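Got some structures for you, see below.
The same chain A turns up in both complexes below, where it pairs with chain B and then with chain C.
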Partner chain A sequence: MSSQPCHRSGSRLRISLVILLLLWSLAPMLWQLYSSLRTPESLLAGLAGLGGGWTLINYTAVLQANPPFWRYLLNSSVVGALSTLLTLALAIPCAYSLSRRGGLLKVVVGGGLLAAAVFPYVLLFLALLQVARQLGLANNLLALCLPYAGLSLPLAVLLLQAAFADMPVELEENAILERFTLWQRLRWILLPLMAPSVVSTGLLVFLFSWNEFPIALTWLSRSELQTLAPAMARIAGSSVFTVPFGPFAAATVLGSLPLLALLLIFQRQIVAGLTQGAIKG
Partner chain B sequence: MSILLMAPALLLLLAVFLWPIVHYAWLSLQAQSVFTGLKPVPVGLANWERLLGDGRFWQDAVQTLRFALVSVGLELLLGLAIALLLHQSWRGRGLVRSLTLLPWALPTTVMALGWRWILNDPNGPINGFLELLGLPSLPFLASTQLAWLAVVLADTWKTTPFVALLLLAGMQMIPADLYEAFALEGGRPMQGLLRITLPLLRPYIFIALVFRLAQALGVFDLVTVLTGGGPASSTESLALYAYLNAMRFLDFGYSATLMLGTFVLLLAAALALVLAQRWRRASA
Partner chain C sequence: MKGTIAPGPGPTQNTGLRLAQLSRRIGGRMVLAGIDLAVKPGECVALLGPSGCGKSTILRLIAGLDSPDGGSILLAGRDITALAPGRREVAMVFQSYALYPHLSVERNLSLGMELRGVSRQRRQQEADRVLDMLQLGNFRDRKPSELSGGQRQRVALARALLRRPQVFLLDEPMSNLDAQLREELRPQLREILCAGEAPVVYVTHDQQEAMGVADRIGVLQGGILQQCGTPQELYNSPANVVVASFIGRPQINLLELGDGSLVGIRPEHLHPVKEGGLPVRVLNREWHGANQQLTVSSRHGQLRWTTGAAQPINDQLRLGWQAEHEHRFDQATGQRRNA
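And then the complex of A and B:
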């Protein structure tokens, strides 16, 4: 911003603060990475065992377990992708018509969405589980998309509604004069212009579905169907490994890598979605 | 026409959010447990009477509230500091911002498992460090005094990035010429923080507070994996207690009562927050 001399000491302070911040954010993950590559003996030796003892044994243990770890990653990805598509398919028309009307309905629906977006959804798990059992949806991986879409809708509709409201009205009026149908207006005019908001919304829904725990835990009892979050809890509770921390750490690293990649690729969109959600909603 | 476009989403929303509450209201008036052969039997207000006299429920309520207030308070302070740091312009800021977001993006159960190993007694790195300093190792997850602080630490680590991002977004909405004018009049940067940043940031702080308090009062994933509610239920949250009643004790009637009871406490907290906000505004 400026080149005043007092900024030199300021920037030194800033560098140390940034290093502190990175340490705080990343040290726990780096420790997991380090632990995942260590032999059981060197893990038990504590900090004294810093030398020697590197191994990939923890990764082979986790990947050769039954079911292998990549299975959970695959399950989470499938559920995450389908939930995202379903949520967007339901949220886009809803957000569109909400943004195009005023009056009592808009106030009521908007307020309800806001309350639902903040509600700690874990309290809903028992009723949802009973419905799932009655409809025969328990132990059905793809059925998880239904509650996930339902739980993601409040935030998704609020975000997309704000994006629709930002579109100039003349744009759509011209398209109506050109006899575009509603579907054509959405597909060829509005949605392409709103692509950034749609992508941010989709990413937040994907992250939620990927990370969701209580519903996946109670709906899926067969281990080969489990998604990542309940699988981690099961690994934590199991005593399959004698010194479990190496395999635990390997599982943590493998479970974090896809999200690290997603975050580095889409950081701008994720940040935009997060902040828009809070500000406009 | 527009109702038709909204209908599918609204139906799913009602099914997922409203129906459970209605169902709990009914189920809380039934006994449905192993003693009734898992069949619902009407029992009037018996579940609610049990809840009022259930020491574990009230203990969990206090523990959950303590956890929520302490961790959200820490997250706001730390989040503000991080937002101030990220608000200045320097090279590499974007990369640092996305790296600090990593704890927030990871599944809670994944990082909870990580913290279990970091806090392990005596083999975890923190105790290893204490040992290097010649200090005795601390049973972070086995002591009733320390375990809830371990939960606070793990939660603060995970959710501070979210708070920091919100506050950062708020700071970027404040026009820079406000600060320039303030500096021209001889104001010092620290005073600028108190006189300009914090007052204008108030709506964002409020949003972060509401979001985080609601999530923290429903804490489940973290406690389940990090401590399992132990030792001696000292870290058990309301949601975990309701979960245990349903899935371990198979007492569905009482579990539903606990969920609804927690919901009522949440409403009370929300009402208190809104009233406090009103009162502030009226007195300002």
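And then the complex of A and C:
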């Protein structure tokens, strides 16, 4: 990278583009934040209502509902965390052994994983419902981790396999000569170096489970067990005659806070994970 | 004080390394064919050859990172051919150094001991020993990325020394360093390697480096150990055309005499003669300060000739050589003829 100063008009253009991009991606969220802080009347009044009408009533409404909204957040967090841990615990050994093999097996398994990763999972949810009934997994919050981990596994294995393949093989060979066990090599050498990939993969799994709708809707019918997505759908459809924009927006804002926190915590690893392979050395 | 870090099942008396009829086939191609090599305790043998000649494969077989298709490996009196790599007590310095990039220099050295349950005090003591030996004391808290190429190489060396192995394996340890640094480090490396009792196998494609570091050199080509001997032996009586061409710069001249034999004359052994000899014509002349290197044409084709910088060059040049400097090879097999 050269450090020569940018041409002034060029940098101005760049700044405008960045602002446009930010508006493009942030505007819907800002709109939700705005809606969540307005009274229903002021939302419907258009520009005329801009002056007053600020309120926290939407938040108190969703937080004091029965069950309170934080219950769904908790449910989703538990399911998300467990699904992520389960997926990583299964995907890391799979990815490691796959990356250390060559030949036909790798091609076949890799192709199968790719096919599974791109398969539209919505087509499976009826069959999964049947499975849940047969095994008595319905209305069991933790059982939701099973389909989530199962559905996330193919992509997670593919991503982690690529990350393992990027590790210089001499690092592990030297550790082998130093009498590291397989577990020690993973724990002390490979996984710390792959932290960005592991974190990004984990976040993808967490996001999937956080946003997942059809399975959560059909597996869980008791309202205190519900996860975020079906719960929000319930808020949106809670009134027959009006759309409760305010409470719905408040729920959206509350529902994205944990994600925001996660992204902030793992920001560095995520960026490194996304750009991995692009720059080496 | 020796061998206390990793007491192995083998005897403490190191009897060296011995490869017997070692062979390796990869994908139908014979990478190594019947390698016999013995390295005495404290001896450094360099394996020299062009890339792809199988020299790194030998190291990997000794380390156990690859398994041979035939033959056996004996280290310190025990057969390690089928032993797991971690049980062999070998230390390897990789071409890329393979330093753990996320750990400080000191952690790079001590992590292995820590995982084997060596006490903190002992770890400290051992790390200090090799850090001092390689003058790395000031760098113990640095990450590998904060070190220069030469320092990284020394850390890799320190990590190998720390383990007091039964054999040191070095895979092109200098190839990532610039030429000047390489020359500076050579005596230091030799001193460190020769200080111990463990045999050393040093892989390189640079004959200068091999001659500077090793007690003996094994020339490998096409998966076959062409000759193994001291630098002097290889230079003075190469076993075949391959070794003759590989050792000595500029390359040896090979003249076809038409009687089924090749005559090898080193460029530095040619000298101008008044009568007889080969009449030659100068094609190119490089002046190097201490000497000059010429390319001349003769009735046997082009010849390389190295001579003193002051040697006058004229048109009526005839070159000769002394009989003792003549190497005779069989033209069909390339093997040496005269004793």
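As a convention for this text, the second predicted complex is superposed on the first by the 237 of 281 C-alpha atoms of A that agree within 3 Å, B and C clash if a C-alpha of one lies under 4 Å from a C-alpha of the other, contacts with A are read in each partner's own complex, and residues count from 1 in each chain.
Just so it is clear, contacts are C-beta pairs under 8 Å (C-beta built on N, C-alpha and C of every residue); 3 or more make two chains touch, one makes a residue touch a chain.
Just so we're clear, the structure is a prediction, and the values are computed from it rather than from any experiment.
Aligning the two structures on chain A places chain B and chain C side by side, free of any clash. In the superposed model, A:L193 lies in contact with chain C only, and not with chain B. Within the superposed three-chain model, A:I270 lies in touch with chain B and out of touch with chain C [touch as defined at top].
Of the two partner chains placed by the overlay, only chain C lies in contact with A:E178; chain B stays clear of it. In the superposition on chain A, contact is made by A:L90 with chain B only, not with chain C. Of the two partner chains, chain C is the only one touched by A:P168; chain B is not.
Judged by the number of chain A residues each one touches, B leads among chain B and chain C. Judged by the touch definition given at the top, the superposed model places A:A236 against chain B, while chain C stays out of reach. In the superposition on chain A, A:R14 makes contact with chain B only, while chain C stays out of contact range. Aligning the two complexes via chain A yields an angle of 100° at the C-alpha centre of chain A, spanning the centres of chain B and chain C, rounded to a multiple of 10. Smallest inter-chain Cα distance, chain B versus chain C, after superposition on the shared chain: 15 Å.
Listing the residues of chain B that touch chain A in their complex gives 1-3, 5-6, 8-10, 12-13, 15-17, 19-20, 23-24, 27, 82, 85, 88-90, 94, 96-103, 105-118, 120, 122-123, 125, 127-129, 131-132, 157, 161-162, 165-166, 168-170, 204, 207-208, 210-211, 214-215, 217-218, 220-221, 224-225, 239, 242-243, 246-247, 252, 255-256, 259, 262-263, 266. Against chain B, the residues of chain A that register as touching in their complex are 1, 11, 14, 17-18, 21-22, 24-26, 28-29, 31-32, 35, 43-44, 46-48, 90-91, 93-94, 96-98, 100-101, 109, 112-113, 116, 118-131, 146-147, 149-151, 153-154, 157, 207, 210-211, 213-214, 218, 228-230, 232-233, 235-236, 245, 248-249, 251-252, 255-256, 259-260, 262-264, 267, 270-271, 274-275, 278-279.
Only residues 168, 170-171, 173-180, 184, 188-189, 192-193 of chain A touch chain C when the two sit together in their complex. Taken in their complex, chain C has these residues touching chain A: 6, 63-65, 85-88, 90-92, 94-96, 98, 100-102, 111-112, 115-116, 159, 163.
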